[in-house]
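You will see chain A twice below: alongside chain B first, and alongside chain C after that.
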Partner chain A sequence: MNLAFILNNAPLLMEGAAMTVALAIGALLGATLGGGVVAFLRMSRYAPLRHVGTGFVEIMRNTPILVQIFVLYFGLPTLGVHMSAFTSAVLAMSLQNSAYIGEIYRAGLESIHPRQREAALALGMMPGLALRVILLPQALRRVLPPLGNQLIIIVKDTSVASTIAVAELTQASKLLLDRSAAPYETFATVALIYLAISAGVAGVLKLVEWRYPVRVS
Partner chain B sequence: MFHRVSRLAGGLVALAMGLGLNVAGAQESRLDTIVKRDKVIVAVSSTARPNGFIDENGRHTGFEVEFARLMAKALVGDPDKIELMTTTVDGRFPAVLSGMADFGISTATIYPDRAVRLAFTRPYIDSSTLVVVPKGSPIKTLADLDNEGVVLGSTNSAAMVDRASTYAPKAKAVFFDTDSAAALALKSGRSTAWQADSAAANFFVGHNGDAFVVLDGSLGTINNNAVFMKPGDFPLWLALDTIVREYVNGSRYGEYAALYRTWFGKEPPPQRPFNQN
Partner chain C sequence: MTSALLISSALYLAQGALVTVGLSFGMIAVATVAGMLLALLRLYGWRPLGLLAAAYGLAARGVPLLVLLIGSYFSLPYLGLDLPLWLVVVLIGGLYFAAYAAEVFRAALAAVPRTQWDAGRALGMRRVQLFTIVILPQARRLSLPPFLNVALVAVKNTSLVSAIGGWELVAAGREIGERTMEILPAYLAVAAFYFVICFSISRIGRHVEKKMRYV
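And now, the complex of A and B:
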């Protein structure tokens, strides 16, 4: 392992890592918010909304992220819609992961016993208030572990953005590899950078879990 | 005492001989492995027309793929005794450095940086970089590339990246994993120009001549594309280099010329730079 090689090329990899973090932050925000919308649709009392939610989840879960990115980036311009490569990548990752995260939210909400809601309503709470102060706080605590897994998957999925010319970490590493033919140094360094970014996300989630533990009565 | 010493010395000699034999065994050339295996494993591309791609009949073919078959014919006597290991641009070097493939033929340009970690044979083809634009594009010459409104697409290779920054620093450069994606970017309007290996550019325009043209001249210098392998195996390198030489300008030039004509529709460079006649 040639440490000098790694140090000499650190600026290129760091530029790529910065783009990876930007992609991840955009997709994390998009997916966590989009997941809320998906959960709302999936749990709606109105059948058409439920069907829309179900259809969205099935399409997003059952098609590869690469295809979704290509459709957004290469396909939409034929319809006159032009988004930058960065926006296309963030949107594709947000859409796909909002389907997964929506299901995680739904599972968390449905894990709360229905009688808790009934009790809140019996005490005179409005449905919205019951959701906000009784159901959501419990559900969100419960979904933190699977949510953390999904957020780490999003970080790793950012590597797919290199296919549509986003100069993120994987693309930087491919360029470095092509220039130098040094795969071991390149991939080992890139793996460590991804590990650090993912560990950062996991650490934040751990802190939140520690701050808001699941209370078992 | 003398017996003990002589026995110890004898043991050491035997150990050294044994180690020597082991070392010799460990240094067996990959060439021997290929011959014993009776098959070659070659890293090639499948997304770079016309060098390596899957045709309409599902057959993996192209100039480089067929040249790899010629290499197999020379090495093990049969062009079909070959296993084609499909790699992308970024996977081709790890494929040989890891030992997964015996050698690679995948539009690899010889660069000094690469030569530190890879062994190259002599070139099997010259390549230059051409620029493809849509017909009617305001980009009429290579000089027009250096404008802010230009989006110059290409594969994410070191050579392409360097050329983009050298010849079109004002343009926006976008780099894709494969030639196919870069070509798709041009077709879909994501890029306004595409810099590509001359073979890929000519092949693309040959099949899309109603909509695209190649600009006059080449971007940058003429490059050498060569067979690459893991360094440190002189017998294999010598065999590969000799075979390439024999095809490109030696006893098997006829087969090379036929292959060249098939894929590029013109004669290859002459067999020799000089002629006694």
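And now, the complex of A and C:
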């Protein structure tokens, strides 16, 4: 075991881990917003909007994140659109996860009994108000667990950003590999850091789920 | 782009797609067998082994596949194991997705009502017999949709092979992009190939699911 090597390079690994977290937060923010748009399209009253939503979801879910990142980072510059590696990675992950999270939102909203909405409308609420104060608060609690699982997937997917040389954790480990002959130590450490981040996210989620449990009437 | 170049590029990508499909099959086969073993250990196995299987599942599902692929590809030679890249990918990827498959199988096996076991016992069936002809067929039906989701993720993750120097669909697309300078169309074509593979898997899955419902 070459622990000294890992300790000497701890700052590099920590910077990498910070970048991994930054990528995940960026993608999560993008995807929670984008997911709203996707759910809105998928549940729209107008068929063309629904088709756009379905098409987007199918394309995003049936192609690898690696290819999506490559399209944005290597493909778009040929059209004159230039983005930094970080922006490309965050944007690609936001787009893909918008599809997944949009479906999570939709499932959450559709799981609320239609009578809830009917009752709200019967009480004289406008559809928008009913959505905001009756449907969304109930749906949000049901959405939290799958949303958390998706966040863990996002954390792990940030490793793909290393293929376009974003200086995140996996990229840091590749640098260390080139510098040294300590492959086990390096990868055991990196795997443990990822595990710690995933476990941390899972732990926070358990707390949130405990604070906002699904209430079944 | 001339049409000859277009056709040869498409054929080249199709070759890459074949490698992708082959790697996917290998990974999913390993994942199915190992995942079933893990699920059986957790449900019916000797307790310490079951806990070990659970710990393996938690650990594997908390680490990105790319890290495991890079790690094993660079560390295995140090152990004196000089395996070909495709074999490393199939084994490591297979064992990685086994953790996900195990969750699927475990949930499906546990979802078969307990009364099925009781009924089988009452009919005088032995445990193994009861498991294979009563429980397993019902669990298989329940596990198909979530298992296909795991399989789709596995197919998409074969793209990571190109990041450790392997040749498959993404690598083929990169080569074509570099040769023809049509980078965007090349990667979009790669995406289209993946779409066709993944979309057909989910369509076939839906079809089989519908048929099985009436069995």
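Just so it is clear, the second predicted complex is superposed on the first by the 217 of 217 C-alpha atoms of A that agree within 3 Å, B and C clash if a C-alpha of one lies under 4 Å from a C-alpha of the other, contacts with A are read in each partner's own complex, and residues count from 1 in each chain.
Note that a residue touches a chain if its C-beta (ideal position, glycine included) is under 8 Å from a C-beta of that chain, and two chains touch if they have at least 3 such contacts.
These figures come from a predicted structure and were not determined experimentally.
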- Query: Overlaying the two complexes on chain A, which is it for chain B and chain C: clash or fit?
  - Reply: clash
- Partner touching more residues of chain A, whether chain B or chain C: C
- Task: Would you check which partner chain A:Ala167 touches, where first means chain B only, second means chain C only, and both and neither mean what they say?
- Result: first
- Query: A:Ile6 contacts which: chain B (first), chain C (second), both, neither?
  - Reply: neither
- Query: After lining up the shared chain so the two structures overlap, which partner does A:Lys156 touch, if you call chain B first and chain C second: first, second, both or neither?
  - Reply: second
- Check whether A:Ser180 is in contact with chain B, with chain C, with both or with neither, and answer first, second, both or neither. first
- Query: Taking the superposition as given, does A:Ile112 touch the first partner, chain B, the second, chain C, both, or neither?
  - Reply: neither
- Message: Is A:Val52 touching anything from chain B or chain C once the two structures are fitted on A? First, second, both or neither.
- Response: neither
- Task: Could you say whether A:Ala85 touches chain B, chain C, both of them, or neither, answering first, second, both or neither?
- Result: first
- Message: From the superposed pair, tell me which chain A residues show up as contacts to chain B and also as contacts to chain C.
- Response: 74-75, 77-78, 162-163, 174, 177, 181, 183-184, 187
- Query: Can you list the chain B residues touching chain A in their complex?
  - Reply: 89-90, 93-94, 97-98, 111, 113-114, 116-118, 153, 156-158, 161, 174-177, 181, 184-185, 188-190
- What residues of chain A sit close enough to touch chain C in their complex? 58-59, 61-68, 70-71, 74-79, 152, 156-160, 162-163, 169-170, 173-174, 177, 181, 183-184, 186-187, 190-191, 194-195, 198-199
- Message: With touch defined as at the start, can you tell me which chain C residues reach chain A in the complex?
- Response: 59, 61-68, 70-71, 74-75, 78, 152, 156-157, 159-160, 162-163, 170, 173-174, 177, 182-184, 186-188, 190-191, 194-195, 198-199, 202
- Message: Residue numbers of chain A touching chain B in their complex, please.
- Response: 73-75, 77-78, 82, 85, 162-165, 167, 171, 174-175, 177-184, 187
